[in-house]
Every structure is written in structure tokens, then in C-alpha cells.
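Sharing a structure here in C-alpha cells format.
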Amino acid sequence: MRHDGRTENTGRPVTIETDYLIHPEGSVLISVGNTKVICTASIEERVPPFLRGSGQGWVTAEYSMLPRATGQRTQRESSKGKVGGRTMEIQRLIGRALRAVIDLGALGERTVWIDCDVIQADGGTRTASITGAFVAMCIAVAKVTEEKGLKKFPIKDYLAAISVGKTEEGILILDLDYPEDSSAAVDMNVVMTGAGEFVELQGTGEEATFTRQEMNDLVELAEVGIHRLIDIQKDVLGPITSQIDVQEGDLL
Amino acid sequence: MRHDGRTENTGRPVTIETDYLIHPEGSVLISVGNTKVICTASIEERVPPFLRGSGQGWVTAEYSMLPRATGQRTQRESSKGKVGGRTMEIQRLIGRALRAVIDLGALGERTVWIDCDVIQADGGTRTASITGAFVAMCIAVAKVTEEKGLKKFPIKDYLAAISVGKTEEGILILDLDYPEDSSAAVDMNVVMTGAGEFVELQGTGEEATFTRQEMNDLVELAEVGIHRLIDIQKDVLGPITSQIDVQEGDLL
Amino acid sequence: MRHDGRTENTGRPVTIETDYLIHPEGSVLISVGNTKVICTASIEERVPPFLRGSGQGWVTAEYSMLPRATGQRTQRESSKGKVGGRTMEIQRLIGRALRAVIDLGALGERTVWIDCDVIQADGGTRTASITGAFVAMCIAVAKVTEEKGLKKFPIKDYLAAISVGKTEEGILILDLDYPEDSSAAVDMNVVMTGAGEFVELQGTGEEATFTRQEMNDLVELAEVGIHRLIDIQKDVLGPITSQIDVQEGDLL
Amino acid sequence: MRHDGRTENTGRPVTIETDYLIHPEGSVLISVGNTKVICTASIEERVPPFLRGSGQGWVTAEYSMLPRATGQRTQRESSKGKVGGRTMEIQRLIGRALRAVIDLGALGERTVWIDCDVIQADGGTRTASITGAFVAMCIAVAKVTEEKGLKKFPIKDYLAAISVGKTEEGILILDLDYPEDSSAAVDMNVVMTGAGEFVELQGTGEEATFTRQEMNDLVELAEVGIHRLIDIQKDVLGPITSQIDVQEGDLL
Amino acid sequence: MRHDGRTENTGRPVTIETDYLIHPEGSVLISVGNTKVICTASIEERVPPFLRGSGQGWVTAEYSMLPRATGQRTQRESSKGKVGGRTMEIQRLIGRALRAVIDLGALGERTVWIDCDVIQADGGTRTASITGAFVAMCIAVAKVTEEKGLKKFPIKDYLAAISVGKTEEGILILDLDYPEDSSAAVDMNVVMTGAGEFVELQGTGEEATFTRQEMNDLVELAEVGIHRLIDIQKDVLGPITSQIDVQEGDLL
Amino acid sequence: MRHDGRTENTGRPVTIETDYLIHPEGSVLISVGNTKVICTASIEERVPPFLRGSGQGWVTAEYSMLPRATGQRTQRESSKGKVGGRTMEIQRLIGRALRAVIDLGALGERTVWIDCDVIQADGGTRTASITGAFVAMCIAVAKVTEEKGLKKFPIKDYLAAISVGKTEEGILILDLDYPEDSSAAVDMNVVMTGAGEFVELQGTGEEATFTRQEMNDLVELAEVGIHRLIDIQKDVLGPITSQIDVQEGDLL
């Protein structure tokens, strides 16, 4: 039994509230336990210089935390005058993950800007951001598909992310909250598609190591959690689901 | 009749949800029409260098907007590497306004950090920030008062803010939303106490001017709006109200 | 009697030396008591991106203080690597104020750059900057009007600014010097046109408040000071005065 | 057969030249094919603030590329005024990896600064940096151990890193050079200890995905490459090897 | 005859107005032809970290130009967020030059901050800065000597600077103004003491070269100019001169 | 006899290894005693804005030191977020020096980017950079001359640099290493062409001065050292020498 009463392979309660804000093309508030992230997807009708004239679109992401998303107030990166290493690492991860399930050619020369703003943090903010951002992106891209008459819905498959880890006592657990995460010996973030394939796998020993057997057990635990998240995504996406499912069929 | 059906001296619907986040000592989500701001108050047990050893406390504020709080995505100030002029102006205003109603000696050598993060903008974000931040500060300071056994509740009076303006047609209106604000000839932000005194008055002609009569009429309009906001603050503050009321008595 | 022998409604001695520098299109050295500001107006034959192709011109301002303009040396903002909040607030105010009295369409697609560099500070640097910058702008715009054959002199009215305040003892005074300013309970900056209308009104309680009666009394005091400043401006502008006066007639 | 004649599971020629520079406590030039990195380890007799008084040491890393390490000149990060996301990600990885094999308590309150400067890049610069930095760290720590009379040699095990990947044609290959890396569908960096345990595992689909079977096959390929690198490290470390081997024995 | 009527070995008219500002310990306005620089010397009762506890003082300098000191407006370095290479080069030169004639031990643990702000530029701003800053430093150091009861006047000799150059036609000239400087083939700045020794000699071919004979002729020309500048310095320094002269005697 | 056994007019051993890196158009590793600098020359087929359409090319330089090029680790300028004054001074010097011997019109509208990265420092890094960068530039420009069919080889003469100085004991020495440089009373850097003319001459008293006689003696010492460096350059440049020699003939 874990400190909050969960078993080793139980994820936290998840809700995804769509159309959370009035301005963005797509927006959700995702809650994973006490972790809450506002994810928005904005469509910009142009691409970065390296893609101009290529016919290809782009997906890019930014991530931030409110100063009091955390137990202790953290200084704003705007006041510091620079974006920190942890933030950069996370926003690069979010962008890369989302690009794996979108057909950038079908999107055409436009950019999907993803913004993930953590308003409350309790572990797993990067995986919650990916899971929520996928939904926001689907909603925004569905609007573009209709308004601009795209020939094909550009999103090819579902995408969700979860953390798994090994405690100091050597127990493998799913979906770590902040107290678990900050004392874990090994921390692994897994990003998977609806088809069950990996997009990103980042396992890190925190002044510790892990064996190949543990790697396989952790990945298995993550798969359980991700299937559940994708079920929740399907639920909140409703009719948009049918457009992705066609794509999935194409892949098989 | 205004574009959203309000009369000239009607403010927008206001709600203040307290204890919106689990980590900060005080937090609210204030909604003024479609404008939504998360205001938090954090207590730090030290003061800036210029106050060390003085026995005085400090109140300081930071303000930010999520990139898609607005109709068009705005670039993050952390990505730009610097805080813009508008943001600086607003956060200096919020800090100054709140310091006018707090007895910094009674607070003792600690800092109240105010963070106002606009998650959705539709005009009046700085006045909503002040009105919400006052409530968050009261909640945080009430906790400090009890936990640290302060001799006196340091907050001396209520504080709220609202905008008034003159339209291009010369009509004076209360509580401008974004379409009204962006086309107004004159824009005035008024910060007042529960005792009906001014803390801050900022009237600005946008490539336009205003007469002394208009100044007086605008101020009168603002007073109406502010009384209503302070009634709402009293409602949500509940028992904390009695501590401020003692202070108000002291002042009279 | 005030610490320097002035009565409550007496401003400090003011001189405006025109053509102070050889390079700028317009330049003055304004002295208000011991406060000395070099104000220059530069004409650039292009406008910021948001105005390109609009046929409209622009006025923008920058403000700075020499490190030893003040009693204690202050660090240069160039060494710090960023412009501070106070500087931003002031330069935004100067630009906004000047734009209120210029017909940007008549100016055409060019920018007037205003630079206010305080070489000696003794209170009231922002109001001295506005008063001096107006004269520099008139001189520069008169040159453009002639050289480029503008159909109409684009400046519509005079513009000057002054500070008023309430001392800790509750006395209302005009044109505060630094010792008065740093101990004042209320500080108000007023920007007015020759027609006696407000362009900007910024009243601030410094951990203090002010009543509506005080607001009106302060504004009245400011009007006295501003009329005197505009008389001085007319004096130094000489023949350019006739071009502004035509404009003023148009307005009445 | 790969474009440079290697088989799928063959790594590139590796040399590690120790004591490459005269000033640092430890320094190597590592060459992995055409990739060349100068790795230095510097000892500083103090720790970051969060460790002061803890009795614990620290290892931190910085990574950079010369402008013409690459085919096209890349702008210096010092000229841009900020460190990019890729650099931050890599230097955080190097520091984290090295900390996994050092006993920070045995090191005592001192910092090992690792600097990895890529003078020529042809793929795999981050893994070459880790492999080379480990050797530089051993040399520097051996000096400290002797000079300061540490009770125990703080390095607990060997550490090396290599990349593996999946080509667009679906072939799994070891130790990608730049042409292979830039066209790979999946890229995985593996950091392992002499005991064969993982310290870090980062698999990334570049607009592509990978299955669990592929994950296992890639990891197996990496193990082959890492054993060879650790043999080379043992060779160049010479007598220092005996001190690490004692540690390894302790672990078993 | 030069474009302004001067002969080859004639300097421009020079005036040095002392006590130009009320706040700094020492201040002058130096005019060299149309070049005008405000030089201030501020005393700070502490030294940079590398000198703490050494009993030695320090002299450091900053240099800046107003945006319209020049014919075309130049962007402020505070707006750019960084100090440019030219500015850095000049302020390092000024500080180094002044340190050559001050006995830092006699000064004691305090810093002389020199600020040179060019309000009008017409060539030779760095040499005018050094010549003016020397006078400002003498005035400030004389105050310190008296107020703090220093045992010895710390300034050991006079110091002045001038530019010499070779025109495109190969003619050697003294004290170049801006049109001469911008077309010169060779530009040389010379900083000398009252005793006629060099402190700094910087000769630069601008896409051109110079011979050893030309070097000697240029230096001779500079000596003429510097003697005249030192005579002017003696004039404006008045009684302080006697304190420096004692020093000079010591040296001989 | 000097601390390393050299006589006063003996330079250190010099080697220049060409084609040190595979990517740049020109690259060398120059060693001057223990000072080692990687110098690369990159050709970019465009020029800075101020030269577009002029038919002229440009040469620009950047300079940096690895953190452990020095005895104590120095912080990276990329981490500090800005390039320091010393670096700026040196890279401006390198660019200016190289431009003196290249015919920018013959080069055509392209930029030669010079990068000098000090991997080991023992005094004289700026002069070694110039001497090495000249060779790298020749190699790169020879390639451009052939590939683009330039009518004329744009490099007009050889270029090398060396330091000379006066010790605290008043002895004049050639090619100072770090211990000599850091204790020298006078330091002079001399940049000369193959024709024996000066491009740059920078003599600096470090809290000391020098006479005209010493200036001449130092320059003479430098000439000896530079002739030797140019002989080494000719050696390593091999056949390219003939192209420069034609140019030299043109000049005579």
C-alpha cells in the first residue's frame, strides 16, 4: 500500500475538462490527482523558417509552472531572464512526442503551438502535459481540418504519457506523486501511442541504477497506465475519435 | 445599452473562489466577466535587504498572462528573456496598492509575495488582480496572524479596483471589457479603500484628453463599482471580516 | 513656508535652452530648479511594423538618468543588462503624453524619437522631461514640416506636466523637489494641454490615501503650475507658436 | 554493410588520450571515429549552497561545441547570450550520469566540474562526452584521494555510454555517426555501469515509434558496445583501475 | 590647411568646466571642439572582492554616449540589453589609464568610480574622457584626502590623452575631429603623464599600415598636444596642483 | 636568463598544424610554447547588412577560451549570458588586423568568419590567435579563389603578431609567457605585415609607464620575433605562398 492508499499498479484519478478557455483553438484542464495543467493548442498560419515552402507543418511546445504551483514559491523564469534547463528539457519532450503522431504534410504549412501551464504540481507534470496537450491538439486540428478543408485528418494515433519508478525499497510503482517522485531511486517516463508503440522512453537512475529485468517490468507497468489514459482521451474527444480511428486503421 | 447588454454604470458578474490552490497560504480565482485571474499570496519569513533589521514587513507583486489568455497568442516573457513595460507597470501598481492598506510594522519582518496570473483576459486584468489579490492576502495574513501570534491583524481596510472610461462617442462607462477598452478615448483605473479614499488614480487619454468635469464623473462611476466589489470581498472573507472591521474602526 | 523658501503654490525657477546639441533635429536643456534634463527629438523616416502602410506616424520616448544624476551613484541599466520598471513606466508615460497632442496622420509615416536624459535629478524628472520634450518635438516637427512640405503642422496643442503632492502633515504643495517628494504621503503627476484638458493624471498614495476633495484641490494646484510652464514654452518656441495656435483655433 | 563499411553491431575506432592539457586535474581527448571531445575534470574545494555543511560532494557538467565542430558554422551560445535547450539537456545528462557512480559522501565537500568541449562532431557527441568525462573524473579524483588522504576511493564503478538506433529501413545499428543519426527513425542513448546496470536510457522516435521487441534488441546492441568502451577505459586508466575494482567488489 | 582651418599640429579649443553637477564628489564638463563629455568621479567606501583586506583602493570607469550625441541616433545599450565591444574597450582603457597615476595604497580601501557620458560627439571622445576624468578624479580625491585625513595625496602625476592620425593622403595630423577620424588611414591614441611618459599607446591601421618612422612622428605630434592639455588641467585644478607637484617631485 | 631558460630576445617554440579539423574551409592548431589555439576560417556566401550590394567582402573574428585553458577554471561566457570586455577587445583586434592584409573588393560579397578557441593558455593567446588565424584564412581563401574563380588572390601580404614587454626590473623581453605577462610593468602587442609595416601597436603600462626610448626598443624586439613567425607561416603555407608573393610584388 502506498502513502495515499493506492496499490503499486494503480494510477491517480484523471479528469480532462475540454474547452476550458474561450480564446484558444483547443484547450483543456487536465487533473491527475492534485497535478493540474492548462493545455492549449493555438494554430498559426505559418511555419518556422526551416520549413517555409516545404508544404510541411510544425508542432512546438512551451511549458511553465506558476510560481505557487509548488509547495515553496519558485522564481518566475521571466524575472530570472532565462528559461531553465528543466523547462527546456520538458518542452522539447512535449513537442517531439506530439510530432510523432501527426502527419505534418497533411497539416500543411501551419504551426500548432502547444502551451502547458502547470497551475498545481504534485508529480508527473510532464506526462500530464503530454496527455492533456494531445487532447487540446486534436480539438484545434479538428477545427483546422474543417475550416481549411484539409483532405485528411492529420492526427494518426492517440498519444499519452505516464511515469513509473522504483522506490528506494526496490518496489516498482505506477504514476508517482511528488513525495514518491522525490524519493525514487529510478524514475522513468514513457510516452506511447494507441497502437502500443513507444514514442519516448526516458529512464533515469537518481544516484542509482536499474537492471534490464526492471526496465521490462517498469515498461509493462506503464502500458497498463497508458491504456487507461487513452480510454479517458477517447471519452472526452467524442466524435473526433472516429477521425483518429480511421487513421489508426490505415496504419495497421 | 452596451454591446453586451449592460447599462453604463453596471459592472460585470464577479465571483471570487477562495482556496483555489492547495499550496499557497492564500489563493483565489477571481472572475470578472470573462476575465479570470489566479491570485496567490505567499508568506516568506524574510524581507528585502533595504528592510533588514527595520522590524517592517513588505508586500511585493508579480503579474503575468498565459500566452493564450488573449485572442492572439502572445509570446512568453520568459522566452523573450525580459519582462515588458506593461507587465512592470502593472506589477508595481498591484504591490503599491496593497501596501497602502497593510500595517507593515504589525506584519513584522516578513514578505507577502503576490502572484497574479491571468488565465483568461477580457479587459480589466489589472483591476481584477488587485481585487482578487486583496482577498488572497487577507487569507494568508490571517494564517500568519494566528500561527505567529501577531499582536494585531495587520490589514487596515478593504481594497478594490475597477476601470472606468470614456467611449469614442463621449459616453462614460463602468468596468470596460476588452472591446470597450481597446476603443476607449479615455481609460481610468481607480483603486479605493473601504473607507472610500483613493489609493491610486490613473487616468489616461489615448490620443485624446478629458476635462475636469469628466474626471469627476468618472471617479463617481468608479465609486459605485468599488462598493459592490468590497461587498463581494466581505462575503467571501467571512469571519476574517471582523478582524479588518476592528481596524477600520481604529481609523475613524 | 517650504524648506527652500517657496510658498505652497509656487513652482521652481524654470529655464529651457533650445538647440542645446548640434546633431538632433530638436534639442533642449530644461532646468526645473536643480533638475536638469537633456531632451532631444530625432526624426526617422520610417515607422514601427504595426503602422507600415497606414499613412500614420509615431512618437516614442526613452528616458534615462546618468549614474551621478542622483545623490548616490546608481548602476547603469546597460551594465545591469535590463531596463528597470521605473524607467519603463516613465518612458511609456512620456510617449503616450506627447502622442495626445500630435496629429499622427498629418505627421505621415515617420517616427519622432524622444530621448530624455537626466543629467541632474532633484525631483520631478518625469514632468520636466515631458515639458522639455514637447519643445524639442515642436522644433523637430517644424523642420520636417518645412523640409518635407507637410500640408499641416501636425502639433495640435501645447503640452506640459507638473507634480503636486500632499505632505505628511497634510499640506498640498506644487512642484515637489526631491526631499519633498521622498517624504510625501501622496504624489500626483498631471499632464495637461494648452486648452486645459487632462492627458494623464496619476495620483498615488505612498502607504497613504487621499480623498476626493484632496484630488480636486491637487488638480487645481497643478493647473496653476502648468499655465506658467506653457507660457515659458511659448516664449522659447517663438515663431513656431503661431503654427500651434492655428491648430488650437481649429480645436475650439 | 553501413555507408562507412561497418557491420550493424560494430562501433567506431575509439582512442582516449589522457593528460591532454596541462592545467586541469584530469583531462582527456576522446576520439570516437571523427567525433573528438576534450573532457576535463576540475576540482573545486567547495559545494553549491544546497549542500553546504552536508559533508556531501557534487559533480556538475558543462558541454559546448566549437562553432566549426560542425559542417555548417553554428553561432556561439556566448554571442547569443543564452545556452540552448539541446546543450542544457546534454549537460544535465552528463552530470546525472557521472553522479550515479560516485560516492558523494566519500568525495567530501568538494565539486568535480566536468567540461566537455566538442572540437569535431560526427554523431554521438553526448555519449563520447560521458565516456571521456568518466576517465577525466577518475584521474582528477585519484589525485584528490591521494592529496587529501580520502579514506576511500569515491568512484564505485565504470561508466560509459553509446548510441544505438533504428534506420528508416528498420535496421538496428550500433554507434551512429552523423549521417546515420540525422536520418534515423529511432535514436537511443544508453549509459551503463561496469556491472552492466543502466544509469540512463533515452529512446526517442523521430516522427516515428518503436516496439518493445525493438527496445530490447537495441539495449542488447548497446551492451556490446559499452563493454568494449569499458575495456578501453580500463586500459587507459592503468593503475587507477585497481581502486575502482575494489569498489566493484564491494557492490557484488 | 584642414577642413576646419586648423594646421596639422593644432589641437581644437578645449574648455574644462569644474563642479558641473551638484551631486558627484568630482565633476567636469570637458569640451574639445564640438565633443562634449560629462565626467564624474564618485567615491565609494569599499573595493571589489579581489581587493578586500588588501589595503589597496581601486579606480574603475564606465563610458556611454547619449543616443543623439551622434549624427544618426544610436540605440541605447540599456535597450539592447548589453554593452557593446567599443564601449567595453573604451571604459577599460579609461580605468587602466587613470590607475597608472594613482597610488592605490595611499588611496586606501575605497573605489573611485569614473563615469564619462558623451553628450555630443565629434571625434576623440575617448581621449577627451580621459583628460576630463583626470580632473574630476583629482577634485574627488582631494576631498577624500581632506575628509578622511589621508597621509599623502594619492595622485602621482598629471594625465591627458589625445588622438593623432594619418590621412588617406599620408599627412600626419593632431586631434582628429569626426570627419577626419572616419576617413583616416591610421588612428593613434596616446595617453601620457606630466612627466612625459607613455601610459598607453594604441595605433591602428584601418585597412592600412604604418611605418616605424610614421610611428615616431605621430608620437611627437601627440606630445605637443598633451603638453597643452596638461597646462589647461593645471589651470582649472588651481590649488590642487600643488599637491600633485609634490608627488611629481618625489618621482624625479 | 629568463625563468624558462630563454634569452631576452628569444621567442618560444612555434608549430602550426594545418587542416587540423575536417569541417572548416581552413583550420590550424597553433602552439606557441604551451599556448595552444585552434583557429578556423569559415566562408559564408553573404555579408553583413552594411555591405550588401557594395561588392565588398568582410572578415570578422570570434575568440574564446575553454574553461580549463587556464590554471583556475574560468566560467563560460555562455553561462554568464554575456561576452566579457577582454574577449570583445581581443576579437575586435583579430578581425581588424586580418582586414588590413585582405583586399575586400577582390574577395567579393562573402564573409570570412575566423574562430580562435584557446584550448591551453600560457600567455600571448591574442598574438598566437592572429598568427594562426592568418594561416587558416589563407587556406580558406585559396579554396574560394579556386572554386569561385576569383580574378585575383585577395590576400595582399603576410601577417603575424607577437608580444613584447618590460619586466618589473626594467628588462625588455620578447614573447612573454603567462608568469612573465602577469608580472610585467609594460605589455605591448605588435601586429606586422610581411613588408615590415605596423597594422596594430598596443602598448600598455600596468600601473606603470614607459619612455619613448623604451617604445622604440620594444618595437625592435618585436620585429625580430615577427620575422621568424612569418618564416614559419611561409613554411606551412607551401604553394599558397606564391600567390601572396605576387601580391607583395604589386605593393612594392
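As written, the chain order gives the labels A, B, C, D, E and F, with residue 1 at the start of each chain.
FYI, a residue touches a chain if its C-beta (ideal position, glycine included) is under 8 Å from a C-beta of that chain, and two chains touch if they have at least 3 such contacts.
For each chain, UniProt lists the protein as follows: A, B, C, D, E, F = Ribonuclease PH.
None of the values given here were measured: they were computed from a predicted structure.
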*asked:* If each hop has to land on a touching chain, what is the smallest number of hops from chain A to chain F?
replied: 2
*Type of chain C:chain E copy interface by residue overlap (half), same or different*: same
*Intercentroid distance (Cα basis), chain D paired with chain C, Å*: 60
*Please report how many Å separate the Cα centroid of chain A from that of chain C, as a whole number.*
52
*Report the inter-chain centroid distance for chain B and chain C in whole angstrom, where each centroid is the mean of the CA atoms.*
29
*Whole-Å distance, chain D centre to chain F centre, using C-alpha means?*
34
*Where in chain F do residues touch two or more other chains at once?*
81-82
*Beginning with chain A and moving on to chain B, name the chains as they sit around the ring.*
A, B, C, E, F, D
_chain A to chain D touching residues, read off their complex_ = 82, 84-86, 88-89, 91-92, 96, 99-100, 104, 188, 193, 195-212, 215-216, 219
*asked:* Using the touch definition from the top, list the residues of chain C that touch chain E in their complex.
replied: 21-24, 27, 34, 38, 40, 42, 44, 62, 64, 66-71, 73, 76-83, 87, 113, 115, 117, 119-120
